[in-house]
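Shared chain: subunit A. Partners: subunit B in the first complex, subunit C in the second.
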Partner chain A sequence: MTTSPTSDQQNSGRRSGITGKQKKRISWALQSFLILIAIIIMLTPIVWIFMAAFKTHVDVYQLKLFFTPTLENFGLVFDAPYYLGDKLLNSTIVAFVTVVFAIPIATMAAYSFSRFELRGETAMLVIILATQFVPAVVIILPFFVMFRDIGLLDTRLGLILVNLAIVMPFAIWMIKGFIDGIPMETEEAAMVDGSSRIQVIRNIVLPMAAPGLLTAGIFCFIIAWNEFLFALILTNKDAVTLPIGLALFKAEEGDLWNLLSAAGIIIMLPMFVLALIIRKYFVQGMTMGAVR
Partner chain B sequence: MAEVTLKNLTKRWGDFIGVDNQSLEIHDKEFLVLLGPSGCGKTTTMRMIAGLEDPTDGEIRIGDRVVNDDLPRDRDVAMVFQNYGLYPHMTIFDNIAYPLRVRGTPKNEIEPRVRKAAEQVELTEFLHRKPKALSGGQRQRVALARAIVRTPKVFLMDEPLSNLDAKLRVTMRAELKHLSRALKITTIYVTHDQIEAMTLADRVAVMKNGIIQQLGTPDEIYNDPANLFVAGFIGSPAMNLINGSVQDGHFVTTGGTKLVRVAAPDSPSVVLGVRADDMRVAEEGEGDLDVRIYAFENTGEATLLTVQWGKQRVIAKGDRHLRKDQDDIVSVSLDSDHLYLFDPETGDRIKR
Partner chain C sequence: MRDNTLKYLLVLPAVLVVFATAVWPLIESLRLSFTVGRLNRPGSLDQYLGWENFTWAFSQEPAFWNSVWVTTVYTFLTVALTTVLALGLAMLLAPGGRFRSGVQTLLILPFAMSPALIGVSFRFMFNPEFGLFDAFFGVIIPPLADVSWLADPVLAFAVCVMADVWGWIPFLTLVLIGGLASVPQDTIEAAQVDGASGWRVFRDITLPQLAPVLAVVIILKSIFSLKTFDQIFMLTNGGPGTATQTLSHYIYFNGMKYGQIGYAASVAWLMVIPMIFLTYAYAKFVFRKN
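What follows is the complex of A and B.
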C-alpha cells in the first residue's frame, strides 16, 4: 500500500485517543454546563417572581412566558389594606440606623483589638464571635419578655437594638481584618510626623480602611434588611418590616402571588444595587493591605 | 537642632532584654550609626528615641528636655522607615505636606516648602502621583522628603536602604550622605550593613545583644576594634581570626610555627586578628608561612585567596594581576603593624 506520510500522521494521531486540546475543550464544556445548571437553579425563582410581579391575578397561575405586563400590583401593595409603604419605611429606618450605629462602634472596637494589647483580648474576640453561633430561636423568648417589660415590643428602637446585637460581632471581625491589613509603620510615621492618635485614625486609618468600612456597612445593611425571625416575634403592627409584611398577602382567597412578588421585588431591588457597589469595593478592600 | 542623650536606657519584654542599660551621647549635627546584627537592640533604641516604644528604665534627652513621657509628635523628630511608611491614599505632594499640615503650618508656606523638599530629593515631577505608581527608590525619596520638609531636631532613619536593590542602594547612599552634609541636622541611622555605617557615619555604635560593643569613628572601629565581635563584624571580607599562642614575644600557630613578632605578654591561648588587606602574598618560600590555596577568586579589582591554615581557612587579598590556581602553594606574611590580639575567653582586645 502506498500512503502519504501526512495521512499516516493523521491516522496515528487519531489512534492515540483524546489529545490535550480535546481534553481542554471537554473540560470547558463540562464547566460551562455545570455553571449553566447552577445559574438556572438560582435564577429561576427570581425570574419567576419578576414575571409574576407584572402579571395580573388571573395570569399568575399560568406558566405563560408571554403576557401583557401590568404595573397595577405595585400600586396595590401600597394601598389599603396592605400599606407596604409603612413597612418599607420601617425596614429602611431600622436597617439604616443599625448601620449608622454599628459601623462607628465596630470600627472603634476593631481598632482597639487590632492595635492595642488588651487584657483578655483573645477571650473577648472568641466570645464576640461565639455570639454569632447562638441560634436566634434560643434567645428570642428572653428578648420578648425583656422588651415586653420595658415597652420596646413593636417599636423600631427595639428592632434596631436587636439588629445591632446581630451585626456587631460580624462588623467587628470584618473591620478588624481590614485594619490589620494597614501597616503599623504607616501609623507610626503619622505619629512621628505630628499626629495625635485621633488624627492618625481620622487622617490615615479611616481613609485606608474606607473600602472595608463600606463593605462592612453594606453587609450589615443587608443582614438587618433581611432579618426575619426577630421582627416576626417582636413586632405585630407598628414596626412591622418588609419581610414580615409579605405574610399580609396570605389572604382568605389564597396566596396573592402577584402582590407577593411585587413586594418581593421591592425587597430585592436595594440588595441588587448594594451588591453592585460591594463588588467593586470588596476586591479593592481585599488588596488594600498589600500597599507597601 | 540638638544633641540626644541616652542615660542607662533599658528595654525589657518579660525576660527578654532588648536594650541593656546603655548610655550614649549623640552630639549636635552628628551622624551616628547604630550598627549590629538583627535583634541586637539597635532598632529598639531608635524606636525609644522616637517615642514609639516606652523604655523600661533610663532617660532619653533631646536637647535639654527629658522626653521619656512625650508623645512622638512632641519630640520634634522625623523618621524614615524601612518600609517607607507612606500614606497610600494620598498623593506624593500630600504625603510630603502631611507633617506641615498636621502641625498647623500656614497654608501659603506649605506649597513652596513641599516643592523645595521634593527638589532636594529630585521628585518634583511625581508630586501628583500616588505612592503605588512609584518605584522602591522613589518611594524612599518620598519618605526622605517628608522627613526634611520640616526642620526637626533629629532625623531617625531605620534601615532606609535595606529594601532597595544593591545598585540603587549605592546611589541612594551617596544621595543620603550629600543631603545630610547639606542639612546639618543630628541624625541617628540604624543599619546592619557595615558599608553603610562606614560610609555615612561620623561615629558608629556597634551593638550586640542590647549592649554597645564599641563607639567610635569609622576609622576607629575599623582600625582599632575593641573586641572580637567588632573585629569580625566590620570589614569585607571579614577579619581573619586565627587561633594560636604567644611565646617569647612571637605569635605561634596551633601547628607550632613561630610566625610574627607581637607586642604582647606570653599567653597559651590567643586569637590573632588580621585583615585580608594586611596579608602579603608571595611565591612559595618567599614569605613567613607556606600555605595551600583552597580557593582563588578574582573580583576584578583584586584577587582573594582563601588558603588552608592548619585547620582554619584564612582570606588574603592579592594583587589584581596575580593568577594562581586551587591547590597551588603560596607564601603569606603578616604586617606586624596591623595585627590584633584577642583573648578567646572574653573576646576582649589584648592591647600592646
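What follows is the complex of A and C.
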C-alpha cells in the first residue's frame, strides 16, 4: 500500500456502528502505513549514499533524484591521492587476523566455562563482560604510549592487538552460548569409550560447534572492520583502515561527497552481506546472552 | 591430561589476552591519571602529581563540565527516544508474516554500518545545500528552511541525537521483538475477551512481562551512549564550538591533540565510574539468565 490512511479514516474507527471487520482493516492499514514510514526513514540515508556514489561530481551537489549514473567514482577512490585499495587491504588483514587469533582462544575458554566448574568462574566471566563496557578511549591512552615506545604505532600488528580487546568478550560469550546448547551425552559416551578430553573436543565438540564458531567469527569481523577510535589514534599513514580513510575525501572546497559515498559503499556493502548471513544470532551476540 | 589441569589451561590464553588488552590499560590509565603525563615531555609520564588532574578538571575546566553535560543530555535523550521508538516498532513488527519478517531482515543493515559512516551519512543528509533531510525539514517546518543545521549549537546536537537513534533503533527493535515473543499470547487474548482496551493490555500485561528485556536494553544502550565517539567525531567533531563535545571526544582531544595524556586519563577514569555501576547492573541480568 502506498497511500496513507487519512485521518478521517482513523476517526471513523471510533464512531459507533462500525463492524469489527472494518475496524480490523483500518488497524491493518494504519499499521502498514507506520511500518512503511519506518522503512523509508531507515533506508533513506543508505539509499542516498548508494545514489551519490553513482553521481558525477556535478550531480552530487544538487538535490537530484534522477541522474545519469557513472562508475567513475569507484575508479577515482582507488587512484592517487586516495589509494583506498591500501586501506581496504589494511582493514581486511586487521579484521581477519584479529578473528583468527580471537576465535580459537575464545573457543578454548568458552568450552571450559561451559563444561567445567572453575574456581573464580563467575568473577572471570564478569570481568570479561565488563571489559566490553570500558570506554575505548580509556584503553587506548596507555597503548598509545606503549606503542610509541616500542615502535608499534601505525602498524597493523598494533591495531590487531588492541582489536582483540574489543572482540574477545563478544567471542567468548557468544561461543559459550553455542557450546551450552550442545548436549553433553555424546561427549560422555565417547569418554566412556576411551577417548581423551582433547580428542572429544577435536572430534565431537568442534564439528558440532563449527556453525557457531563461524557465526562468532563473522560477528567479530564486522566489529573489527567498523572499529574507529583505535585506528584513528594509532595509525596515520601505513596502517590506516577504511573508516579512517573516510577523512581523506576532503578538499579545500569541502567534502567530496561522490567519493565519500563510493568509499562508504565499499565499507558497508561487505558488512551488509556478512550481517545478513548471521542475522539470526545478531541479538544474542550483541547482548552477550542477556537476551535470547 | 587430567580435566582438573586442562580446564584452567583452556581459559589461560583468554584470561591473559583480556588482562593484557583491557585490565592492564585500565590500571595503567589510573596510574597515568596521577602523573603530569605530557606526551611531548619525556619523564613526565612517571612524574607523580597527586590529585591535581582531577581537581583541575573539577575546578578549572568549564569545557570538562560542558562535556559532562553534553554526554548526560545526549545519553538521556538517545536512550529514551531509542527505547520508546524501538518498542513501538517492535510491537508493529512482532506479529510476523512475510512482510514483517522481511522488514526485520532489513533492520540488520543500519547496525552493520560503521558508526563513523553513519556520522558521515548524516552530515550529508543535513547539508544546507543538497542534504535530503535538510530539505525535508525545511518543507515541513518552514522556519528551519534556511538554517544550517550543523552550524547551530542546538540543531547540531539534535542531528547527533537523530543519527544515534537512527543507528540504534534497529538493534533495539530486534531485541524487543524477541522479548515480545515471550509474552503469553493467551493472557492477552483473555484480557481482550474481557473487553480490555489495547492500552490497558499494553500497560498491564505486555509492559510488565517485557520489563526484564527493557531493563537490559536500557542499560546496554546507556553504556553505548555514554561511550559515544565515532559518530560525533565524523558528524560535528564536537562543534560548533563545543556544543556536541561528548566526554570521549573531550578525552580524545586533551590526550591526543593537546598531548595531556595524564589529564585525559584522569577524566577517562571519571567516566569509568558510572560504567562500573551499569556493568554491575547488566551482569546481574546476564547471570540471572544463565
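Rule of thumb we're sticking to: the second predicted complex is superposed on the first by the 255 of 292 C-alpha atoms of A that agree within 3 Å, B and C clash if a C-alpha of one lies under 4 Å from a C-alpha of the other, contacts with A are read in each partner's own complex, and residues count from 1 in each chain.
Definition applied: a contact is a pair of C-beta atoms (placed from the backbone, for glycine too) under 8 Å apart; a residue touches a chain by one contact, two chains touch by 3 or more.
Here the structure is a predicted model, which means the values were calculated and not measured.
Undergrad: Answer with first, second, both or neither: which of subunit B and subunit C does A:I40 touch in the superposed model?
TA: In the superposition, A:I40 contacts neither subunit B nor subunit C.
Undergrad: In the overlaid three-chain picture, which partner chain does A:P183 touch, first (subunit B) or second (subunit C), both, or neither?
TA: It touches subunit B, and subunit C stays clear.
Undergrad: Have a look and say if subunit B or subunit C is in touch with more residues of subunit A.
TA: Of subunit B and subunit C, C contacts more residues of subunit A.
Undergrad: Considering only touches as defined above, state whether A:V192 meets subunit B (first), subunit C (second), both or neither.
TA: So A:V192 only meets subunit B here.
Undergrad: When the two structures are overlaid on chain A, which partner does A:I204 contact: first (subunit B), second (subunit C), both, or neither?
TA: So A:I204 only meets subunit B here.
Undergrad: I'd like to know which partner A:L71 touches here: subunit B for first, subunit C for second, both or neither.
TA: The answer is neither, since A:L71 touches no partner chain.
Undergrad: With the touch criterion stated at the top, can you tell me which subunit A residues are shared between the subunit B interface and the subunit C interface?
TA: On subunit A, the overlap between the subunit B and subunit C contacts is residues 196, 288, 291-292.
Undergrad: Residue numbers of subunit A touching subunit B in their complex, please.
TA: On the subunit A side, the touching residues are 183, 185-186, 188-196, 199, 203-204, 207-208, 210, 288, 291-292.
Undergrad: How about subunit B: which of its residues touch subunit A in the complex?
TA: 50-52, 71-73, 75, 77-79, 81-89, 98-99, 102-103, 131-132, 143, 146, 156
Undergrad: Within their complex, state which residues of subunit A touch subunit C.
TA: 31-32, 34-35, 38-39, 41-46, 48-49, 52, 60-63, 105-106, 108-109, 111-113, 115-116, 118, 122, 124-131, 133-145, 161-162, 164-165, 168-169, 172, 196-198, 222, 225-226, 228-229, 232-233, 242-244, 246-247, 255, 257, 260-261, 264, 267-268, 271-272, 274-276, 279, 282-283, 286-292
Undergrad: Which residues of subunit C touch subunit A once you look at their complex with the stated criterion?
TA: For subunit C paired with subunit A, touching residues are 1, 3, 6-8, 10-11, 13-15, 17-18, 21-26, 28-29, 32, 39, 45, 88-89, 92-93, 99-100, 103, 105-118, 120-125, 127, 129-130, 132-133, 135, 166, 169-171, 174-175, 178-179, 213, 216-217, 220, 223, 226-227, 229-230, 233-234, 247-248, 251-252, 255-256, 261, 264-265, 268-269, 271-272, 275-276, 278-279, 282-283, 285-287, 289-290.
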